[in-house]
Amino acid sequence: MNGKVFRRLSLLSATLTLFLLIGIFAILFTYAQQSIQAFGFDFLTIDQWETDEDGYGGVFGGWIPIIGTLLSTLIAMAVAIPLAMGIAIFLTEIAHSNLIRPVSVAIELLAAIPSIIYGMWGLFYFAPIIQELFGGNGVGLLTAGIVLAIMILPFMAAITKDAMNTTPGVLKESAYAMGATKFEVIKDVVMPYSKAGIIGSIILALGRALGETMAVAFLIGSVMSVAHKVTDSTISIPVLLANNFSEAQDLQLSSMYYLALILFVVSFAVISLAKFYFLRRGTK
Amino acid sequence: MTFKKVITAAVAVSFALTTVNADEIKGRGASFPGPVYQAWTSEYYNATKNQVNYTPTGSGDGISSVSKRMVDFGGTDSPLKSEILKKSKLYMFPSVIGSITLSYNIDGVKDGELKLSRAAIAAIFSGKASFWDDEVIAKDNAGLKLPHEPITVAVRADESGTTYNFTYFLNKIDPSFKVSKQPTWKASKLVAGKSNSGVAANIQQIKNSIGYIEYSYKIKLGLPAAQIENKEGKFIVPTIASFQDAAKYATWTPENDFYAVIGDPAGVTSYPIVAATFILLPQEKADTNKKTTAFFDWAFTSGDKAAEELGYVPLPASTKDQIRAYWENKKIK
Amino acid sequence: MEQNNMAMKVENLTFTYPGAAAVSLKSVTLPIERNKITALIGPSGCGKSTLLRCMNRIHDVYSGNKYEGKITLYTRSGEKQNVLELKKENELIALRQTVGMIFQKPTPFPMSIFDNVAYGLKLSGIKNKTELQGRVEKALKGAAIWEETKDRLNDSAMGLSGGQQQRLCIARAVALKPEVLLFDEPTSALDPISTGAIEELIAELKSEISVAIVTHNMQQASRLSDYTAFMYLGELIEFDKTETIFLNPANKMTEDYVTGRFG
Amino acid sequence: MNRLLLNKIILLLSITSAVIGIGFLFWILITLAYKGIDSIHVTTFTNDLVNGGIRNLLVGQFTMALLATLIAVPLGMMAGIYLREYSGGGKLARVLRNLNDVMMSAPSIVIGVFVYAFMVAPFNTYNGWAGSAALAIMMIPIIVSTTDNMLSLVPQELREAGIALGGSKHKIIIQIVLRSAKIGITTGVLLSFARIIGETAPLLFTSANNQFFTMDMNEQFPSLTVSIYNLATYPDEQSRELAWAASFILTVIVLAINLLGRYATRSKKGK
């Protein structure tokens, strides 16, 4: 192969992701047009999703799934952040050197389990426990949120761990030499030093939680109503798409694309924020 | 790079196999007849080696898939009116009759013990009665110890003919319920499942829940089901006999593509929530339609036993003949 | 009575790193005299930093170390304790506040200049604002960095130059009024001018604090210290007054090392 | 002393969170093994879904994932090569690299919807090609990032030595740089393969599912994960058992590939 051709091909491949991103945005935007024209920005606040009798028209709004997505993500973050920090601290500061590898492999394997497995396991083994403890149906915001937390935990813990590991050992030692306890060293030296990485990991995990589909589909209850308690069932954008996308037509289908567009834009924004702002890569 | 060689070989093989079995009929839609279609397709495949691939996703999906011509036939439990069929260029005929039970999961309450009056059903599904020991439920169940626990109502997450037929019945007892393929009511505690099996799984999984499912799912799972008060004020246990009594009140004619909802039939012994399920065919696809009708022709001839075993009511012989005539008339037999 | 002149005394110290097959320090005995500067010299890997890190038990940040022998700390108030017998975390914390440490590279914490110096004080329980301010100022003056920093106490310590950062770290340690300060090659990362300033500062500190300093720099040891210990392969080869070590060492190896014939 | 107690509590909590994390892993794995092994019969592997087995599903899922790999690996590697070897680390490269990372975290369901729009809707049928394309779109960014990272580990001297011998740039890249990053890249490919073979959301409305054995990619294509999704919520024991068996087999496959990948990098580091 000619060097020039090789170089051009590689450039072409490199721009592929750019074209994919633009392509996804363009397609979603085009197909959402009908719904955008019908509902505009009110779509965000309409709390109805009802088809007409003939299945073509109807009133569709994103409020319920949008709120469901945000709340389940919020619960997931509330559960996952302290756990991930704990695991990262354990791996960087506490664990005996013999334990570090097996524990981090175990945590990483948690990320390897397919999300559908989380869903199935969660439905049959975790939901009943939540029902026992907190009442409700078993499937709802809380169950979905906690399982979601377990799923994003490995990402958060891994990136946080890497960030914490960049803290120079001598900096930690000098804090110990001042008479600081381990927790104080972590709080006053390690965390501030690796702040950007930690925040980046949190936002990245947030992005993942927003778009997670299969596990939530099993566990959130899939009801088109806003949850008033954490044990209530509700629905999220990815779950609505998974359940109802294939049966939708016309205006409803267009509204589905509108929802997908919203999800895509939001997660794009969240992940970009994490990548461009907090996890800027040094030029290695 | 032996890895690459393996992949190349695998893909080469898959391309070679590509054309092997394209002779397959695809259907999607109603999950209400899912179990019987599955039995039929399996037996049909073993008898004739012809493949019919039916995915029970829900009536909404069935209508939409066949309207978009993504499948060779669609299944729906809510029949389409002639003008819509014309607009979407579809043919329609019924395939089998089934019924909807109200199944529940209450500790200590066995199958058929719970009696639900029309008022009680309305109260449960409108959210007016939110505890099991509510007066409206308790008064017909003097012998039962109903718990003071909140009622979880299990509904369908997707657009479905089961919901359509159930809301059709609800609407007959209380016109404030809207007939719809999606649940639009706001009971206090709802949980939704995808397709009949999703709802049934939720009922199994969640204590103190009640939901509407197709009878065959009840049988297959041994879920308890309630006696329901019919139009004549009698409490009726869901059985094949009570369904057959109800099915007699169906009136089908080929003129309107068999459009009919059995709904809330008359008759002292009729079970009140009985419904037929329908097949939709794209008018222009004569070739595949012939294959589809061949399948249903086979099912009408040889599938009654399987249907009855699963808790469905086969169509009356006269109706089957009408349908065969309809096929011939449309030149798709 | 000799003990009164003593700040710390290392006796027969043998030290093994976790998982290591061989010992890193072999039966080392070394006095640290009060208000004097003791320099530890020797080729890389001879164990001088390891020894220093035993003296405030900073090794124990990582578990699995093995100590044998005795390190006695004689406090100004006349008490004495064996550093190696301390087990509880609060005892170790108290030890580290009494025996401070300065590292090879400047280690400003990711916080303001003021907070860096106040950090140890806050840890030791001082909350009163005016007291904190007074002691921070005093420490910064003591470390000869007050003039440069008094107008920017709330700026991040990361903005200071390397030499300033190292003096800040000394101020931070001094603020705790330690009895002993351990310097682990404090100037190896600095330019000659900053090095001079730090050396001057250490010389001034000895009026109040006893100092042990690990250095690779022969001139630094001879300029600065009162006593010098020469170590080789985990053993203490020779310990004596600095002049003696540099001008008239008893051991042939010491002579070869200080004259630059090996190392 | 107050701060010491706080220290102890926090450290204890930290250990607890590690225990919780590992606890969930074992809880899930043990449940799967218990339900899965119990539900596996010989017919599970010999029959197709229509007769209560997963043979067609396994073949279908692997076929789609392999085809996706075949699309994604060359494209992703070429892109990684551009970013590391040709871009000169300029602004374009930085933007592309970050966009690639963003793409890596794009919601999988949205990718499914996207592929539906241009590979399913126009042809009026769910098909295996669309399933493969959706998986490939998920895989490409991972390969790009792996290649980029692995190439960055190749010492600059190696390239310089090649140039000093008079090799042209692209030959050095292909013959020297790629070769010395081979193990790392292979590991990356394995790990991303493990990731996509367990995906469900991108397949729901692209390949959909098929109960029969088929290799016709123009048709609805059998998918193990989509079947698990359907079967798991079926209320009858047989379907659920099949779902558990399928889940167990899928998890074993995914974890095995993962550990294999890990082992490969580890033995390389050991050298």
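Going by the order they are written in, the chains are A, B, C and D; count residues from 1 in each one.
In this text, a contact is a pair of C-beta atoms (placed from the backbone, for glycine too) under 8 Å apart; a residue touches a chain by one contact, two chains touch by 3 or more.
Computed from a prediction, not measured in an experiment: that's the story for all the values here.
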Next item on the list: Using the touch definition from the top, list the chains contacting both subunit C and subunit D.
Entry: A
Checklist line | Which two chains share the largest set of C-beta contact pairs | finding: A-D
Check: Looking at C-alpha means, what's the farthest chain from subunit A?
Finding: C
Item checked: Distance from the mean Cα position of subunit D to that of subunit A, given in whole angstrom -> 17
Check: Just how far, in Å, is the C-alpha centre of subunit D from the one of subunit B?
Finding: 37
Notebook entry, point to check: In whole angstrom, how far does the Cα centroid of subunit A sit from the Cα centroid of subunit C?
Noted result: 48
Next item on the list: Could you tell me the distance, in whole angstrom, between the mean C-alpha positions of subunit B and subunit C?
Entry: 82
Check: For subunit C, what residues touch not just one other chain but two or more?
Finding: 89, 93, 123
Checklist line | subunit D residues counted as touching two or more neighbouring chains | finding: 3-4, 7, 208, 233
Checklist line | Sites on subunit B at which at least two other chains make contact | finding: 68, 193-194, 201
Check: Where do chains touch, given as pairs?
Finding: A-B, A-C, A-D, B-D, C-D
Next item on the list: Enumerate the contact residues on subunit A facing subunit C in the complex.
Entry: 96-97, 168, 170-181, 184, 188-189, 192-193, 195
Check: Given the complex with subunit B, which residues does subunit A contribute to the contact?
Finding: 49-51, 53-55, 123-124, 127-128, 131, 136-140, 221-225, 232-233, 235, 243-244, 246-249, 253
Item checked: subunit D-touching residues of subunit A, taken from the complex the two chains share -> 1, 3, 6-7, 9-18, 20-21, 23-24, 27-28, 31, 82-87, 89-91, 93-95, 103, 105-107, 109-110, 112-121, 123, 125, 150, 153-154, 157, 181-184, 186, 204, 207-208, 210-214, 217-218, 238, 241-242, 245-246, 256-257, 260, 263-264, 267-268, 271-272, 275-276, 281, 283-284
Next item on the list: Can you check the complex and tell me which residues of subunit D touch subunit A?
Entry: 3-4, 6-7, 10-11, 13-18, 20-22, 24-25, 27-28, 31-32, 74-79, 81-83, 85-87, 89, 93, 96-103, 105-114, 116-118, 137, 140-141, 144, 152, 168-171, 173-174, 194-195, 198-201, 204-205, 208, 225, 228-229, 232-233, 243-244, 247, 250-251, 254-255, 258, 262
Notebook entry, point to check: Touching subunit D in the complex: which residues of subunit B?
Noted result: 3, 7, 10-11, 13-14, 16-22, 24, 26, 41-42, 45, 51, 53, 55, 68-71, 193-195, 197-198, 200-201, 204, 217, 220-221, 223
